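Two complexes come next, and they have one chain in common, subunit A, joined by subunit B in the first and subunit C in the second.
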Partner chain A sequence: MIRKSSALGFLAVAVVLVAFPFLGTSAYQVSLASTVLVAAILASSVNFLAGDGGMGSLGHGAIAAAASYGAGWASMQSQSMTMQIVIAMGTGILASLAYGLLSMRTNGIYFLMVTLAVGMVIYGLAYRLSSVTRGENGITGIKRPELLAEPWAFYLFVVAAFLVVTVGLLVVSRSPFGASLRGIRDSESRMRSLGYYVPAFKLGAFMISGTVASFAGLLSVWHTHFVSPSSAEVHRSVLLFVMVILGGLGTTMGPLVGAAIVVLVENVVSNSFERWPTLLGVIFILAILFARSGLVGSAAKLLERWRKRSDAGRTPADSASTDATVSGSIPSA
Partner chain B sequence: MFEPVFLAQQALNGLSFGALLFLLASGLTLVFGLQRIVNLAHGAFYMLGGYIGVIIATTTGNLALAALVSMIAVGVTALVVELGLLRFVRGQEMPEVLLTIGVMFVVADLCLAIFGGDPKTLPSSAAISGALQVGTLTYPLYRIFVIGVAVVVGILLALVQSRTRIGAIVRAGVDDREIISAMGVNISWVFTGMFVVGAALAALGGTVGSGVLSIRPGTQNDVLLYALVVIIIGGLGSIKGAAVGAALIGVIDAFAKAWIPEFAYFTIFAPMALVLVFRPTGLFGRAA
Partner chain C sequence: MKSTTMSARRRWGALAGLGAAAALLLSACAPASSSDPTTPAETSTPSETQSAGGDETEAPAAEGGTLKVGYISPITGNFAIAGQEMVDGWNLYWDVNGNEVNGVTVETVVEDDAGNPEMSLTKARKLVESDKVDVVVGPLLANTALAVAAYTSSVGVPNLHPVAASDDLTQREANDLTLRTGSMSGSQMNYPGGQWAAEQGHKTAVTLCPDYAFGWESCAGFKQGFEASGGEVTSQIWYPNGTSDFSTYVSQIQAAGADIAFVVTAGGAPGPDFLRSFMGLGLKDSQDLIMNCCSMDQATLRALGTDILGFKSISYWAEGRQSPVVEEFNAAYGERFEGKIPSANVAGGYMTASLVARVLEEKGLVTGADLVSAIGDISFEDSVLGPLKWDEFNNTVGSVYIREVQEVDGKLYNVPIKEFPAVDQWLGLDPEESMARESYSQSFQG
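Moving on to the complex of A and B:
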């Protein structure tokens, strides 16, 4: 199923990621790389839902924030680390269930609006329910497990998490469940008439995606030791979508590439260029107009064209089976 | 907590906020009804309109002029967005929505660059001052004026939609785009016109609304949430639905903020959830 070249590419990315802290990089760079990877995990959850399920969510930032708040609240109550993890994941998954139940009968634009609205409610709760969330000040001093206290140890843990999540989502995507999801994405009415109970599949997909997003929220709070209402802002969820589109919807490595671009613009370019949101907006608009399949998707297409040209006449039958990897176009459902 | 004066005051608060929501949501729902796109830059248009309105009102002291200038300026912005960007992705639902997100980023950030980060409110010289006095109840006249503006706009929109040729074309466009273009109407320009009108309504809301809620960075997201909830409850594309939804959400929000401030957001979410579960097309919406 998986082509040799993409497996090699995945392996190369893994090696580079693991080697990164040992290449004479500064502590700041390693920390930035952790930020990118956490964002990439979160973007992967959006990518899975939008790519395979055709469900564009604008609420995933708030799911991650719910998990972060779970960890923060548990740490305020001085719960044990295990309980902190359980409560964080529990809060995130509970939030996902609320999203999933409300959105499972909707599609396209309606889905987008419902997730947007639920995300804003979570933001509102984070902001207003100050007895639990400490309101605008947020919760500080949330610790990560002793084992991961060192920045490089945490970085390697995040790398492992990213690789596991990426492979895990790939496995789900290639399972019969993933195939049914793509069926629903392409024609909901056809799947319904084939006897599939569509809302259940949508809810299932949302729960998988939401669990990954909750995990990313936990990692994020372990990284920064801090959570505030701004992490639940719509802006965050929108940026996730920007990452997914920039990287290439439905591609395996798209979320990482997109997350790297967005995080670098937000953290590095912003030091010298104050109008970075405008820059990001313009990049996003250009990507939608001219590079609909994102950077990874466009690169794969170029590579494919180049390979076809060099293979011309030799093995024309071989290239037919590879189109599936470049399913980067935005579903217009 | 249940004194009649307090109840009346909160009800008026709710209705005036609902009036503002109607100005906001009507543009969004009209554009959706015709073009099937949710303009996520609508909140940013509201914000831009609010800033421009406040500046004109501060320099001239004339609210009507401020509203007019801001509607024209935002309308022109929307025209540029429509002709320069949206036309290239017409008919593709997701890219259209995503483009409006990009526009929202750019407009909101440029607003911050041009108008600064301080909250801006309508100057008292331009706002209608004074208060309504009924028994022990005193209520600012400006908020009554906001309700009046929304009622007038609502009646105008309904009349245009049901009584004029333009309204007939728009209604036909909602029902069957292909037939109306086969009958010689350039539907593409109808789309453009509706997008501009929707943005101008947002600008009107922003100018009038700046006397009730201050305009500041982040306003675009706050108002977008309320507008989305209103049109989900009312039914996408329905003016009547927008009016009922706006009044409902306005009143619920006012009482929730007074009684259970910690859960204020939650209380507007609950009716939306109920509507989605029991009537996914909204109170007055039709199945797509």
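Moving on to the complex of A and C:
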């Protein structure tokens, strides 16, 4: 059950996000916040698949890129906005289907390799199929809907999208489907012997995650008005994983925290600190060494322990309550 | 139970460690902003004014005033060397001439984009919206340049390109706010190479270019020049970006049996890598070869030394040209960079700075489209790139040199042996006719 405190925490985050553009922030800061949120939505899709399904994907950057290219191509053909959205989401979902069908019978490192390979195919197409993608130069001048033309309007839309996606993924994760996924994550053979058709669940999870990733790809192209092969690079997918692990695998707010750290180091710290890639690496190493369940996960655990200590004697808190914030904790390897 | 207390202690240690690391790194960056670590010696002048100008920015542009320049370049990542050179060239000019021109102070904010278009865009946004710069200079790579130019032109800020070679920057995507300052488009700079090869009596040619936009444009330029002068390109070979072992490609060149080979790289390691394979297979004396600008720049000359004496290449920049402007520039650069000789990237940055300075000198503080049109009106009898002017699409029209590696005073230079004057970007076509064609690719080479 969702505990009151984590529901309140979620509400607080939502209020801060919505209020952000009205706190005297500059247009640039609002635009940067949009970048963080779009990255957070994309990271959420990876987080869902890896946290609940135990499937680590190195191809989600490319799924998002496929959707971005869909929007870019439609915009080059001067399609209507509705058609652009349909084509973008269609391309992304189609790409996810290809991923899902190829990877649904694999797990662990093999799953990683299949997603990596399909991601490379999409990158290769973006790079080489220049009649459609304009090759390395990329597609510029992709517009977003009139309604969202103002930076703050777009920002609020992205906030809404982030909240909807987060709650949506939480609902899926709490559903029987989510429980089955976690069952598959923890022991595939047991689920199989219980009569579950495992590949179908994996494909289903991938399609949900891929749809979210496609949506993030569409938002990203609306934000930057631009797409190029670099958005499909493995590097981007790896950074997504860094975001998820930094924030905390399987946590609800982990992707937001992780995305904020990565995007801010990449775009703000790099303004004044030349060795920003090193800094990102150091942060990542420290998180892996000392905060195994990510910043959000570790903070939640600390909070839990602190509460237990102060409550000691009255009600012996049950250890399962951590799951309120850490939905589906990682198997302690 | 013991293990949980252990892990609790470790986690507290973790938080403390993270906090300490963050504090350390943050304090490390704080002074870094005022004494830019990227260019130890050179930024001293601009960055001093940067901190001094910081107080003034509150009061909007006082008369005389400040020209605030945002400079985007890949200072980290795969293109860091080229990116740093581009910054060095810009800083060198202000270091030599002072950053105050006609009462206007030029203040530069350098931003790193790591060669990534998304990051380039975010940095351009930051420079325009947060730093309120008057002009954005850079970035370096074609895709980043196109992304930034699309954004800056949409918000009315001029964008100058010291190095980016993408054809479309001054063709299909040309606008009043975007200008190429210190280089040429990919097809433009290689077109005369084809003419020259044909004039030398070569009947057939084989080309080897990287398989992306810059390579397609470069090869298209050479092929059209060669075929317009009566030659025939019999075989075109493409290699993926990131190739380091060129032996199979050299074999293919050998197998093609053409009179001359034209080879393109985008600079960096591939140039020397290719040449090592080429010489290793013993083709130095049997196969005529001409390379593009960046394959045979100073980095290659330094890497391979006297082995490549006599090798030919084609570029808009020739460091061994007999001209007071070039000699002065080489000397100034050598003095500050351990006797090194500048590359085309340095020349591009330097050229851009000298153009901005000249406009300030003649017209005082001008911004927006006026700055771009003012630069477009300039023409040089002789600049570091030779005679230079601009066409109505804001692209350079200037000399292209066939260069030969020669030893002068114990140093290796690319010395021009033939100059093609007033080369424009249209390869002998009408602008409309040229732009109506599809973009260059493996399958369309003009």
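Keep this in mind: the second predicted complex is superposed on the first by the 316 of 333 C-alpha atoms of A that agree within 3 Å, B and C clash if a C-alpha of one lies under 4 Å from a C-alpha of the other, contacts with A are read in each partner's own complex, and residues count from 1 in each chain.
Methods note: a residue touches a chain if its C-beta (ideal position, glycine included) is under 8 Å from a C-beta of that chain, and two chains touch if they have at least 3 such contacts.
What you are looking at is a predicted structure, and each value in this text was computed from that prediction instead of being measured.
**Q** Specify the outcome, clash or fit, for subunit B and subunit C once both structures are aligned onto subunit A.
**A** In the arrangement built by aligning on subunit A, the partners subunit C and subunit B clash.
**Q** What is the contact status of A:N271 with respect to subunit B (first) and subunit C (second): first, second, both, or neither?
**A** second
**Q** Examine A:L289 and indicate which partner it touches, taking first as subunit B and second as subunit C; both and neither are also allowed.
**A** After superposing on A, A:L289 lies in contact with both subunit B and subunit C.
**Q** So in the superposed three-chain picture, is A:G56 touching just subunit B, just subunit C, both, or none of them (first/second/both/neither)?
**A** First partner only, subunit B.
**Q** Does the superposition put A:L280 against subunit B (first), subunit C (second), both, or neither?
**A** Touch status of A:L280: first partner only.
**Q** On the A-aligned overlay, A:T140 touches which partner chain: subunit B = first, subunit C = second, or both, or neither?
**A** In the superposition, A:T140 touches subunit C alone.
**Q** In the overlaid three-chain picture, which partner chain does A:F226 touch, first (subunit B) or second (subunit C), both, or neither?
**A** second
**Q** Given the touch rule stated above, what does A:A117 touch, subunit B (first), subunit C (second), both, or neither?
**A** It touches subunit B, and subunit C stays clear.
**Q** Classify the contacts of A:S130 with the two partner chains as first (subunit B alone), second (subunit C alone), both, or neither.
**A** both
**Q** Tell me which of 43-51, 241-249 or 403-411 in subunit C produces the clash with subunit B after alignment on chain A.
**A** Among 43-51, 241-249 or 403-411, the clash with subunit B belongs to 241-249.
**Q** I'd like to check the shared interface: which positions of subunit A are touched by both subunit B and subunit C across the two complexes?
**A** 127-128, 130-131, 274, 277, 282, 289
**Q** Could you pull out which subunit A residues touch subunit B in their complex?
**A** Where subunit A meets subunit B, its residues are 56, 102, 105-106, 108-110, 112-114, 116-118, 120-121, 123-125, 127-131, 233-235, 238, 241-242, 245, 274-275, 277-278, 280-282, 284-285, 288-289, 292, 330-333.
**Q** For the complex, give me every residue of subunit B touching subunit A.
**A** Interface residues on subunit B, with respect to subunit A: 36-38, 85, 88-89, 91-95, 97-99, 101-106, 108-110, 113, 221, 224-225, 228-229, 232, 236, 261-266, 269, 272-273, 276-277, 280.
**Q** Sort out for me which residues of subunit A touch subunit C in the complex.
**A** 26-29, 31-32, 35, 127-128, 130-131, 134-138, 140-141, 224-226, 228-231, 266-267, 269-274, 276-277, 279, 282-283, 286-287, 289-291, 298, 301-302, 305
**Q** How about subunit C: which of its residues touch subunit A in the complex?
**A** Per the stated touch rule, the residues are 8, 10-11, 13-15, 17-18, 21, 25, 28-30, 32-33, 37-38, 75-77, 111-112, 114, 116-119, 121-123, 125-126, 129-130, 142-143, 146-147, 150-151, 154, 166, 168, 173, 211-214, 216, 438-439, 441.
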